[in-house]
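After this come two complexes, each holding subunit A, first together with subunit B and then together with subunit C.
Right, the complex of A and B next:
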C-alpha cells in the first residue's frame, strides 16, 4: 500500500471515530457551542451600536455587515478549537505520551485527524445556531463564488495553522511546567491581533501592519473576511498564499521542536 | 454565621499554602483587565459615547464587572462546583446527614481566596473611572452601589444554585457552568446596549444586568428608586424560590452512593 493511501486510511478512520463519538454528546456539545456564542454576540452588539451612532457605518461596516462578520465568526471560532496546550501537562504526567511515542506515525497526525472529524459534527450542529442568529440579527452577505470557494478551503487552513501553533506552544511543557502565564500572553496577543474582538480594519494602522507579520490573522480574520468581504480576488489569493506559508512554517516548527522535545522527555509510566 | 467563619478560616489557611498562585492569579486579572481596556480604547477611537455611556463610565462598568467576577470566583463558583461533583460522586449523601442546614453547608464550604485579586483590580479600575468622571459620587450613590452589589451577588448565587440543583435530576450539568461563564461576559457592557429581548434575558433570567449594570448605574447616577425596589423585590422572591426548590430537591433526592 502506498504511503499516501496509508495516511488517508488513518485520517478517515480517526475522523470517523471522532464523528461517532462526538455525536453521542450532542447536548454537551450544544451547551458548549451556545456558551461560546455569547462572546461574538457581545462584540456584534457593541460594534452595531457604534456604527448606528456614527450615522450607520463604522470603518465601512454597517450593522448588517457587522452581523455577517460575527455570525461567520462563530463557525471559524469552532474550527479554531484544537488540542489545548494545557492538555500537554496531563499527557506527560499521566504517561499517555509514552504509548503515543511507540506508534509508527508522528503523534500530531492522530490529533489532526481526530479533531478534523469532530469539526464535521461541529459544522452540522452549527447550522441551526447560525440560522437563529441570522434571524435575530439580519446579516447582509452576498459572496461571489470565488469567495465561497476560498472560504471553504481557508477554514481548514486556519484549522491546520492553529493546530500546529498550539502544538508548539503546548510542547513548551517539556521544558517547564510553569506555562500558564506564557499561554495567557499568547492567547491575549491572538485575541487582539487575529480579528477576533474587532475586525482588523477597525484596528489602528500600526496594529494592522504588525498583524501582517504574525500568523493569527490567517486563522481568524482572513477566513471570515474571505466570505463576508469586501475582498478582491487578488486579496483572496494573497490570503491563501499566506496560509500556505504558515502551514509550511508550522510543520517545520513542529518537526524541529518535537525532535528536541522527545530528547529531553523521560517517560513517566513505563 | 459561626459555621461560615470557621469554613472561611480553613479556606484561607489552605490557600495560604499556595502563595505563588497569588502572583499567577494577579497576572491573570491584569491580563484580563488590560485586554478589556484595549477593547474600550478601540471602541472610543470610533465614537465618543456608547448608548449614552462615556468612556470613564464604561470603566466603572468594567470595574464592577471585574469585582462581581471576583466575588463569584471567591465563593459561588467553587462551592457550586464542589456540590455538583458531590452529587455525581455520591458524597453528597454524607452532607445531608450533618446536623446543620444543608443549603447553608453547601454554600460556604469552599473559598478560592486568590480570586479576590479580581475584586482589588476591579476596584482600582472602577476608582480610576470614577476619578475621570466629572460628577462626584454622593453618599446616596455609594449606598445604592453597596446594596445593589450585595443583591446582585445573591441573585447570581440563586440562579447558580437553581441550575446546580438540576443535577439532582440530570447528571451532566458541568456544561451549564461553561454556559454561564460565556454569558457572564455580556456584563462587560451596560445591558442597555443590548436589544430588548436580550436585555430581558440578561436581567431576569441570568441576572447579570442586575448584578453588574445596576451597581454601575448607582455610581453614575442613572439608578431610579423604582428599579431599585424592583431589584430588591426580585432578589427576595428568587431567594425564597431557590430555598423551596432546594428543599424539594433534597427531599426527593434518592442518593447515589448506596
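Right, the complex of A and C next:
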C-alpha cells in the first residue's frame, strides 16, 4: 500500500469512527451547539443596535450584513473546535499519551482525522440552526462562485491552522504540566485579533495591521469574510496564501516541538 | 538505528539490555505555606533512581517473568524497552532497534499491554477499535480479518466485540484489549500485569492464550505480574528487580527453591490444638483454623502426620505469594552481600 493510500485509508477510517461516535451523542452535540450560538447572537444584537443608532450602518455594515457575518460565524466557530490544551493536560496526567506513543503514527493524525470526522456531524447539525437564525435575522448574503469555492477551502484551512496552534500550545504541557494560563492568554488574543468578537473591519487600524502578522484572522475573519464579503478575488487569493503560510509554519512548529517534547516525556501518570 | 545494526549485540536475542538506568528528577517541598513561598525562589529537586545498571538478554521466543515489589522499576524498564521513556544511561536493543528512537518499523513489531490502561475507544464496540488498529498498523484486510477472527475465537470474545467497550466487565475489556494489541501480530510483547483484577477463570484463559500465542508465533514475552500462578504457568525464567537493580536472573524453580521453598498449611480442626511441633505457627488468630509454615519438601510428610494425629476437618496447602518469595530473596541477598 502506498504511503498516500495508507494516509487516505487512515483518515477515512478514523473520521468514520468519529462520525459514528458523535452521532451517538447527537443530543449532547446539539445542546453544545445551541449553547455556542448564544455568543454570536449577543454580538449580532449588540452590533445591529449600534448600526441602527448610527443611522443604519456601522463601518459599512448594515444589520443584515452583520447578521450574515455572525450566522456564518457559527459554522466557522464549529469548524474551529479542535483538541485543546486542557485535553493535553488530561492526556498526560492520565497516561493516555503513552498508548498513542506506542503506535507507529504521529498522534496529530489521529486528532486531525477524529475532529475532521466530527465536523461532518457538526455541519449536518448546523444546517437547521442556521435556517432558524436566517429566518430570525434575515441576513444579506450574495456570494460569487469564487467566494463559495474559497470559503469551502478556507474553513478547512482554518481548522488546520487552529489545530496546529493549539497542538503547539498543548505540547507546552510536556515542560510545565499546566498550561491553563497560557491558553487564557492565547484565547484573549484570538478573541480580539481574529474577527471573532468584532469583524476586523470595525477594529482600529493598528489592530488590523497587527492582525495581518498573526495567524488568528486566518482562522475566523478570513473564512467568514470570504463568503460574506465584501472581498475581491485578489483578496481571496491573498487570504488563501496566508492560510497556506500558517499551515506550513504550524506543521514545522509542531514537528520541531514534538521531537523535543517526546524526549522530555516522562509519563507523569506512570 | 535499523534492524541488525544494533549497538548492543546478540545474535538470536530479541532483547539485549546493557547497563540500562533511569533517574527521575523529582521536585521536593516540605508541607506548609512557608516552604511554598521559599520554593518559588529556591526550587529543590531530588534524583530518584528508578532503574540502575540493569543488563540482560532475552532470546527470541522466550517468555520471561519480570518480578519485583511495587516501585521496584519493572514498569519503568518496560517503558524504556517499548520506547516510551528515554533512559538516563546504558543501551537497549529490541529486535535490533534502539527503542527510544521510536522507529515506526520497531513500533509495528511490538506491543505493550498494561493491565490498568485502556486503549480501546470507550464509547464504541471493540470491533471499531480493531478497525482503527488495522488502519494504523497497515494490516492488509484479508490478513486483518483472519487475525481478528482468530483472536476473537481464541479469547472467546464472541458477541462481546459488538458491544460498546464501556458496557464490558473488567475481564471482558482486558480480553478485548489483548486482542486489539495483538492484531498486528507483534514479535515482542511487553505485558505489565495483564491479569490485574481478573477472576481466576479469566486469568487462566488469558494465560493459556498467551502460551498459545508464544508457541504459534515464536513471540518473545516479557511479563510482569503479582500473581505467582501467571509466572508459574508461563515462565521458565524469571528476573527479579528491587530498588531498580536486578537481583536474580534464572530458572523459576531455582528462585522458588532458593528463596521460597516453604509452604503454608491452613488447617481446619474440629477442636483447637497446638501445631507448633509440625512447623512454625504463623497465624493462630482463629484457634480452630491455624496456619503453619513448613519446608516445601516436608509438605507430604507433615500433611500425612497431621491427618493421622489431629482432628482435621479440612487442610489447604498454599504456595508462598510471589512477593514473599521475592522478599525472602532480598533478605538473603542483603545478608550475603
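Going forward, the second predicted complex is superposed on the first by the 266 of 270 C-alpha atoms of A that agree within 3 Å, B and C clash if a C-alpha of one lies under 4 Å from a C-alpha of the other, contacts with A are read in each partner's own complex, and residues count from 1 in each chain.
As a convention for this text, a contact is a pair of C-beta atoms (placed from the backbone, for glycine too) under 8 Å apart; a residue touches a chain by one contact, two chains touch by 3 or more.
For clarity, every value in this text was computed on a predicted model and none was experimentally measured.
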Problem set entry | subunit C versus subunit B on the shared subunit A, clash or fit after superposition | fit
Exercise. Between subunit B (first) and subunit C (second), which, if any, makes contact with A:41: first, second, both or neither?
Worked result: first
For this session: Check whether A:202 is in contact with subunit B, with subunit C, with both or with neither, and answer first, second, both or neither.
Result: first
For this session: Report the partner of subunit A that touches more of its residues: subunit B or subunit C.
Result: B
For this session: Check whether A:59 is in contact with subunit B, with subunit C, with both or with neither, and answer first, second, both or neither.
Result: first
For this session: Identify the partner contact of A:104: answer first if only subunit B is touched, second if only subunit C is, both if each is, neither if none is.
Result: second
Exercise. Given the superposition on chain A, what is the angle at the CA centre of subunit A with arms to the CA centres of subunit B and subunit C, as a multiple of 10 degrees?
Worked result: 90
For this session: Tell me which partner A:148 touches in the superposition: subunit B (first), subunit C (second), both or neither.
Result: neither
Exercise. Which partner does A:131 reach: the first (subunit B), the second (subunit C), both, or neither?
Worked result: neither
For this session: Determine, under the contact definition given at the top, whether A:262 touches first (subunit B), second (subunit C), both, or neither.
Result: second
For this session: Check the superposed model and tell me the shortest C-alpha distance between subunit B and subunit C, rounded to whole Å.
Result: 9
Problem set entry | subunit B-touching residues of subunit A, taken from the complex the two chains share | 27-28, 31-32, 34-39, 41-42, 45-46, 49-50, 53-54, 58-59, 136, 180-181, 184-185, 188, 191-192, 197-198, 202-204
Exercise. Subunit A touches which residues of subunit B in the complex?
Worked result: 24, 27-28, 31, 34-35, 38-39, 42-43, 45-47, 49-51, 172, 175-176, 178-183, 185-186, 188-189, 193-195, 198
Seminar exercise, completed: As the complex stands, subunit C meets subunit A at residues 24, 75, 79, 82-86, 102, 104-105, 107-108, 110-112, 114, 117, 119, 121, 123-124, 128, 131-132, 134-138, 140
For this session: Over in the complex, which subunit A residues touch subunit C? Could you list them?
Result: 1, 6, 9-10, 13-14, 17, 20-21, 24-25, 95, 98-99, 101-105, 262-263, 265-267, 270
